[in-house]
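Below, chain A partners chain B and then partners chain C, in two separate complexes.
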Partner chain A sequence: MAEHGNSGGQDLQVSFSTNPGKYKHWRLTFDGELATLAMDVDEEGGLGAYVLKQNSYDLGVDVELWDAIERLRFEHPEVKAVVVTGLKDKVFCSGANIFMLGLSSHAFKVNFCKFTNETRLGIEDASSTSGLKFLAALNGTAAGGGYELALACDEILLLDDANSAVSFPEVPLLGVLPGTGGLTRITDKRKVRRDLCDAFSTVAEGIKGKRAVEWRLVDHLSPKSKWAETVKAKALALSTQSTRPGLAAQGQGVTLTDLDVKVDGFAFSYRYVTLVVDPKKRTAEITLKAPVTKEPTKNSRDKGADLWALRCYRELDDAILRLRTQFLEVGLITFRTEGRRDFLLEAEATLLQQVNDGDWFAHEVLQHMKRVLKRVDMTAKTLLCLVEPGSCWAGSFADLLLFADRSYVLDDSGADEPATITLTPLSDGRLPTGNGLTRLQTRFWGDDAAQAKLRPFVAESRPIDGAQAEKLGVVTFVRDDIDYPDEVRLFVEERTSLSPDALTGMEQNLRWPGPETMETRIFGRLSAWQNWIFTRPNATGEKGALSLYGKPDRPTFDMRRT
Partner chain B sequence: MAEHGNSGGQDLQVSFSTNPGKYKHWRLTFDGELATLAMDVDEEGGLGAYVLKQNSYDLGVDVELWDAIERLRFEHPEVKAVVVTGLKDKVFCSGANIFMLGLSSHAFKVNFCKFTNETRLGIEDASSTSGLKFLAALNGTAAGGGYELALACDEILLLDDANSAVSFPEVPLLGVLPGTGGLTRITDKRKVRRDLCDAFSTVAEGIKGKRAVEWRLVDHLSPKSKWAETVKAKALALSTQSTRPGLAAQGQGVTLTDLDVKVDGFAFSYRYVTLVVDPKKRTAEITLKAPVTKEPTKNSRDKGADLWALRCYRELDDAILRLRTQFLEVGLITFRTEGRRDFLLEAEATLLQQVNDGDWFAHEVLQHMKRVLKRVDMTAKTLLCLVEPGSCWAGSFADLLLFADRSYVLDDSGADEPATITLTPLSDGRLPTGNGLTRLQTRFWGDDAAQAKLRPFVAESRPIDGAQAEKLGVVTFVRDDIDYPDEVRLFVEERTSLSPDALTGMEQNLRWPGPETMETRIFGRLSAWQNWIFTRPNATGEKGALSLYGKPDRPTFDMRRT
Partner chain C sequence: MVATISNDKIPNNVHLSDDKRLQRALEQWQPNFLSWWKDMGPEGFQEKGVYLRTAVSVDTDGWAVFDHVKMPDYRWGIFLTEPEKDRRIPFGDHYGQPVWQDVPGEHRNSLRRLIVTQGDTEPASVEQQRLLAQTAPSLYDMRNLFQVNVEEGRHLWAMVYLLHSYFGKDGREEADELLQRRSGNVDKPRILTTFNEPISDWLSFFMFTTFTDRDGKYQLKSLAESGFDPLSRTCKFMLTEEAHHMFVGQTSVRRVIKRACELMKEHSTDDLRPHGGVDLRLVQKYINFWYTASLDLFGNEISSNAAAYFAAGLKGRSDEHKYDDHVARDGTYAMDVLAGDTIHKETIPLRNAMNEVLRDDYVRDCESVLSKWNAETRDQGIDFQFKLPSRRFHRKVGQWSEAKFDLAGHAISEAEWDQQKDSWLPTEAERAYVHSLMKQVIEPGKMANWIAPPARGVNDQALEYEYVKL
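What follows is the complex of A and B.
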């Protein structure tokens, strides 16, 4: 197999479209208000030329996990708690497949880790915002990424036998980090004392039994003889903490139908989203469309997966994931919007009303919107927003604008429909980015005066014109029709000529000023160190630990400490 | 010149011992309650075979800056505000010398950046904890590290002419980041809107004049005709915010005398500190000694730089800096303590009393202690503390123990003087680490119960014995005299056999759980990305931007975005 993500134009073909009927690696079953998500990796079912032994995973395995979580939220409102377990003997999950990592280019590896991180944060999001609780039922060893998956769950139950342990073998065996949130969650979430974390993270064989409980690495133990009943009891106990509708909502689930995308060369057309890639210029353009017809103002659930707010954001998610995995060389995304502002504002006002009325489906749609916007935020490509006459920068679309690395308004007072921006209450609390703040707060972090000036426009959803936009700081630059085309063109050309590494590092530092959360710490601190380590000869050089894993040779290290 | 930091045993010889009479690159002058620190880099005075043009700096230049700040605090209590300016025409400072960076090994480069970061954080510490205010008077271009130095000051005054600008040319010209806090301070400290930060950081020529003020990149402008009077007026205005004693304390300064270190092979003996390096085992041992005689219980200032609390920590600082720059391959430091616990506790109790009584000198000694401990925390080497019979783990020394990556107690009940640990109120608020919390809070982050259990021991400075230490969690492991030697030996052997990169990344993630500050964001997020970028061919490869700087060739980039 060619190295993942090493080609010039279009890279590895990964589909993010699947459903439980197609799963190769997971079994999703239901029992009243409980669901079981059991890992049973098909060794030969990897995306590349490696064998997925010991319930190890690659991107294909993780896409199914992500899909299952999404479906549990939308299709199964009756489920209150999920048991995450394995169907292999002696091993729950041995983490990311090492040989897959060895075959991957640096860029692909980093994007793979980003997706797996997002999926685990998605599990925590399901728990914290939708009350869908997760029990990791570790019926065998949980090593590396396997234990990291457990850490994303609310509680961890470990089989109490001579074999089952939780472990982070990355540092001692592979010369890399438990980079899927592991080093952050053991301290920040599990509150394991930092020196015990250090001890745990350097003992390849891990910790088992009572000591694992004493160190807070797991919550419960169970002998094999009582396994099934303990799993059920713990899952039921978790389900009592759930705020989900449960069996009362049985049959109300909304099926996430396949997205219908037309591919024409490098143009991908969805219903509300178009993505056009220019591989030569290394740019992409995403156009987002407001609802084409009026959306229902009640019983939105009847529209199911065709509801604009759900479909449009699922399409945007797919487009972003496509760019990340298939077009590694694309360095800049230009966002445009179009369509009926009134339809969009009404659709989102309806959604918000239904959320406030306690509608579970509307709530899930809003949370999904939030996750997709976070995925855009975390994308290592420059985000450019263009506000032009006839565009529709309103409501949730405006959150993209608030978070863009750069934005321009074409201020053409002679235009039929001059460019405007309409911020709504959605931007002022309902759509936080990874740091827990809204994009409005993040954009104006530390500048309370600027936030205060904007609030009346937000509260009344009052359109902001070009001149106001510049004064209020909601865009970077406002230009007239003479300067605009050249300036935008020059920006794109200059930007895409710069070092992509420096840009990624710069954007990672500038996008989230101020406070941090476990989420930003995972992406900004842990991932940055992991990325650094991935590039080091001590890990990925010919004699590096990651390269030599499974081979008879011992790694050779450059011992200089940085 | 050989590549910095590339040799096996002892690396580049850098001395951190200097004084204003020896400065090659800075002029320190005084005018009542104001001081001026003027950069006038000796082009030929670099540590290596490069020319320090345009007031660019290398480690030697920065050592003098660090020294000057320390001396202003101890030797010049009369100074309330410092003007940081340059003595060259048209340029204030052009940042770190690119050719020096090009010649440096990765490990040396990272350790250089760490020291420059610590020095700039030291400027902010002087301002926030000692009321020593800084005015950056930019009498020419301030590029990259030059502007980052200005960002560490309280206020920035820029010459308003056609030439003078502030700029971050790193991303557009060098393919690296403004990594000395620049990307963090423009958002977190200056509160520049994030998209404007992005624009600023990609325009090589920078921003000048009114726009620099509008974007908050600088505070004030002055034309050349009014320069001298404006500098003086702004500095005087800053001095009125100062809480320092000022002229009332003239003549009270305490001279920081040279540290007397005896070198015998790889053994470095100071008065209260010994450092012994074992290059073959790649380990070092630091022994800290309590006061040898009773310290004065009043008028501590009369003892000057010989005061134990000042001297011991200056020596520790020197030992750590020596390890970082000269012994890059040392991966683990074992800390031991010895001497009279009663002398130490009395000396520190006296210090604290004097601080509480408003004594400026005692305050500076305590703040210095804090900075040195932070330098230890930030050192990329494993920190091991051994608590043995006859050791003196008391007071501020115990902070090292609380923060260690690993600690062992030899619990030998038959010993004459069994091992004990004595935490004092110093550890419970006076010595925060980089995250703004104490090491006690950091160790037990998220575990209020554990903190509460410890508090009585702290409040009463009650010695904690081996069995209690394990129960209270102040050490990692307690072992009897049979197991102890083997277990410690095995730990050291195993630890030093692991990938040094993975260990650095792991320690960076585990040492500071939970909340973040600008300081931890600089070291944990910004530096991690910078380190990653430094390893990338796009920066440091043959055709990388950093490598080709100043040469006719244009860099060639691998355009894949990670």
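What follows is the complex of A and C.
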């Protein structure tokens, strides 16, 4: 399929840095322990040459949603429940903008879907881990991605006016799937019977009113005359399930200040993260730094957004998103770490202590760390970690190492600070990956003996040297100073010469052995089915349904089932 | 067979007595329809005998039988024009193929949506007009109102017939919901916004039947072209009745104009308020309002739905036969497009412009109506010409709704709009004045002061005929 269109490719400048003062598409308002996040898409405010009609969205709209949810978690501990609603008449949200999808390159579409998936999962994470509850108040029809957004909320309230419906028009109208978790959430989360899901997903105009409740597609209905009071009552009821501090924490929020990044050609320098891209070699290097000075050992909140654990991971998040959207051809990321291991271990131990003491802010910082690491896991680029003398593979950084597709240790016994790895209790349950297991469990899936051998090192945060690391299986290969440079170079060159599609498929297969969760199923199905359909002529060929949507011609299908 | 569902009670040409499926559906629906009619039909006149025309068959002597009938006893029938032999799909991708006698599965949802949207307007207008009879300017006009109302009811039956016969259980549920939605009800509003505004004065009613029912005419004409033959035949028959509604509108506005001219001459003034008339400038303001509100009903200028309906052979252009290219896949339409502050011509794929094509036909038709009204002022020797405003003026739907335009279609600022709108559209005070004129006149043959008598009575009856037995 041809890669064309301004909204795809590397030319598109997507900024992930925003704040409520700059939002074009959402209104965030507060009322005590309730917040309202209202969608009001600026039709002309899209990232590309299309009009965002009927509250349809593109990546720019979703970046604001993501930002709003992060800010609700950090800046508004008083909020217990969020009402997600719309400000347009008759339509809550009509889903991803079709013309945007039609104009986008395949790679861009996939990145877009992946980010929206991560944002939807972020809503569910806020509910399950932080007790921030979400009510989807559908004041009009919720179609496609609009209903998928509602599905990510804890409860769904639908306007009962004989018109407003929830729908998945993707299959009948566009020849693609409701791929932002839609098909997975209706079965796994809402427990809609599978044959009813089939019926629902093939009727373009959707299901409304009583039947939507009977089929469990929504939880409640409200007539228009009682709308405002019903929304408030349902949101208040949800807020009673919240474990957040509520009004007691009013004013304690921590403002997520802008990240300061210096750009010099293809080098991006943050405070604790540097990203250097080599477009010719199609590689990137990310270096993560431990705290430069000692972090506070109590009252971390006083340091606000400058707290190392928050700042460093926000920067890593930004770097990964930048790589995904601006450098599609980069196929491999080399991770390095540096800095004071003792500062890092102390900072993380302090954080963990505060989490255990019930501090809401420390909890949010840890959950954020978890989400960013998941974003790295989910990146369609080879992850290579290099453990070299002077590096700082300790604590949460070591989780990256455990999950890398490949890792190499430079075992230089003559070095001043030989390479070591320090796993901490943080890796033993606090930072699960998408399958619900720790990276440690995932790495050693099915090998209880190997896990048992590592446990003492984890419990005591005991450094592991190169030779031990290979034996314990926490790295792939250990090489001496004579072999190391060449072997790493060869690996990188070989890796970047292989088919990027085959690599993505292979890596995603191998990263999550073992059990499936709704989360892995959502991403797995996006990668497998939706992406397959997106590249098939029946969707995106000249006569495909997605290509022809809104055009005078009608699609012609290749009817052979595959 | 159940007694209520019989050829005798429900005149039809669809073999109702042999159609078990339709009988079963109507058995349930018909009592609900009657109770809807009693609740939402003309208020206060259900037990009165009204001189109504009933269609009892589709041939020339059957489609217009006149008699005094109590409205709840009206025989709402189901009629389709007779099938055309070897009819072919007249447009779109299936052009030239035999028409469908059953709903093609592929187009089931689209067709149902089209039928439900059309069907919803029929009971809606009855609901909008339910209080009007209490201020009727004459028995003749009151009877016309009721005739329009029962025929809107029959049009509802026609759409319900299609839903019941061709769309299974879903169709039956949609038919039920047509009776559950209510014009202007905040919880269950009618689908289209225009049909949620009450019509509380007769000048508005006459404007509605002139302009809004004329939108209905063009919607029906485009559906009459449909490749789904039962829809096509149903709409063709409805058009014969719709013509009467427009006759009511067009001739009645003309009578208002005529009366205004008489009063102007009598009192040598164009300010008719002291004399209980509706002055011509106010008539023009009502035209400005109702014409543009009706333009909205054609939908967006550039529409992917319209393109899909045309491509699929579901909804065509009015009088499709007058065009050369019935596939219209490569055709284009040069359209004025609003981009920011400027208007420029853009070439739009013809299929995506089908709403605008239909609107063009409508605009031309409305111009011919105005020429008749202008003939009246000319005949009366009054120097006043009515004019249709630009189609950009006062729009709530489509691209022109995004900015403000004057009567000539020039873009103006919000401030200019606020300053001038009272000289273009009826003000609250003017609406109140029109309301103040609305007093019931029930003496046979007598007319309210603000309207001239019609040229002739209904069905060759005298003007003094007792059209409604009160």
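The rule we apply is simple: the second predicted complex is superposed on the first by the 549 of 562 C-alpha atoms of A that agree within 3 Å, B and C clash if a C-alpha of one lies under 4 Å from a C-alpha of the other, contacts with A are read in each partner's own complex, and residues count from 1 in each chain.
The working rule: a contact is a pair of C-beta atoms (placed from the backbone, for glycine too) under 8 Å apart; a residue touches a chain by one contact, two chains touch by 3 or more.
Remember, predicted model here, so these are calculated numbers, not experimental data.
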Residues of chain A touched, compared between chain B and chain C (which is higher): B
Contacts of A:204 with chain B and chain C, given as first, second, both or neither: second
Contacts of A:23 with chain B and chain C, given as first, second, both or neither: neither
Touched partner set for A:163, first chain B, second chain C, both or neither: second
First (chain B), second (chain C), both or neither touched by A:549: second
Partner chain(s) touched by A:172 [first = chain B, second = chain C, both, neither]: both
Partner chain in contact with A:105 - chain B first, chain C second, else both or neither: first
Footprint overlap on chain A, comparing chain B with chain C: 172
Footprint of chain A on chain B - complex, ascending: 5, 105-107, 110-111, 170-172, 174-177, 183-184, 187-188, 191, 193-199, 201-202, 282, 328-331, 380-381, 404-407, 442-447, 450, 473, 476, 494-495, 498-511, 513-516, 521, 524-526, 528-533, 535-536, 538-539, 545, 555, 557-562
Parts of chain C lying in touch with chain A, wherever the complex brings them together: 93, 109, 113, 177, 180-181, 186-189, 191, 304, 307-308, 310-312, 328-329, 349-352
Residue numbers on chain A that touch chain C, as the complex places them: 160-163, 172, 203-205, 223-225, 549-554
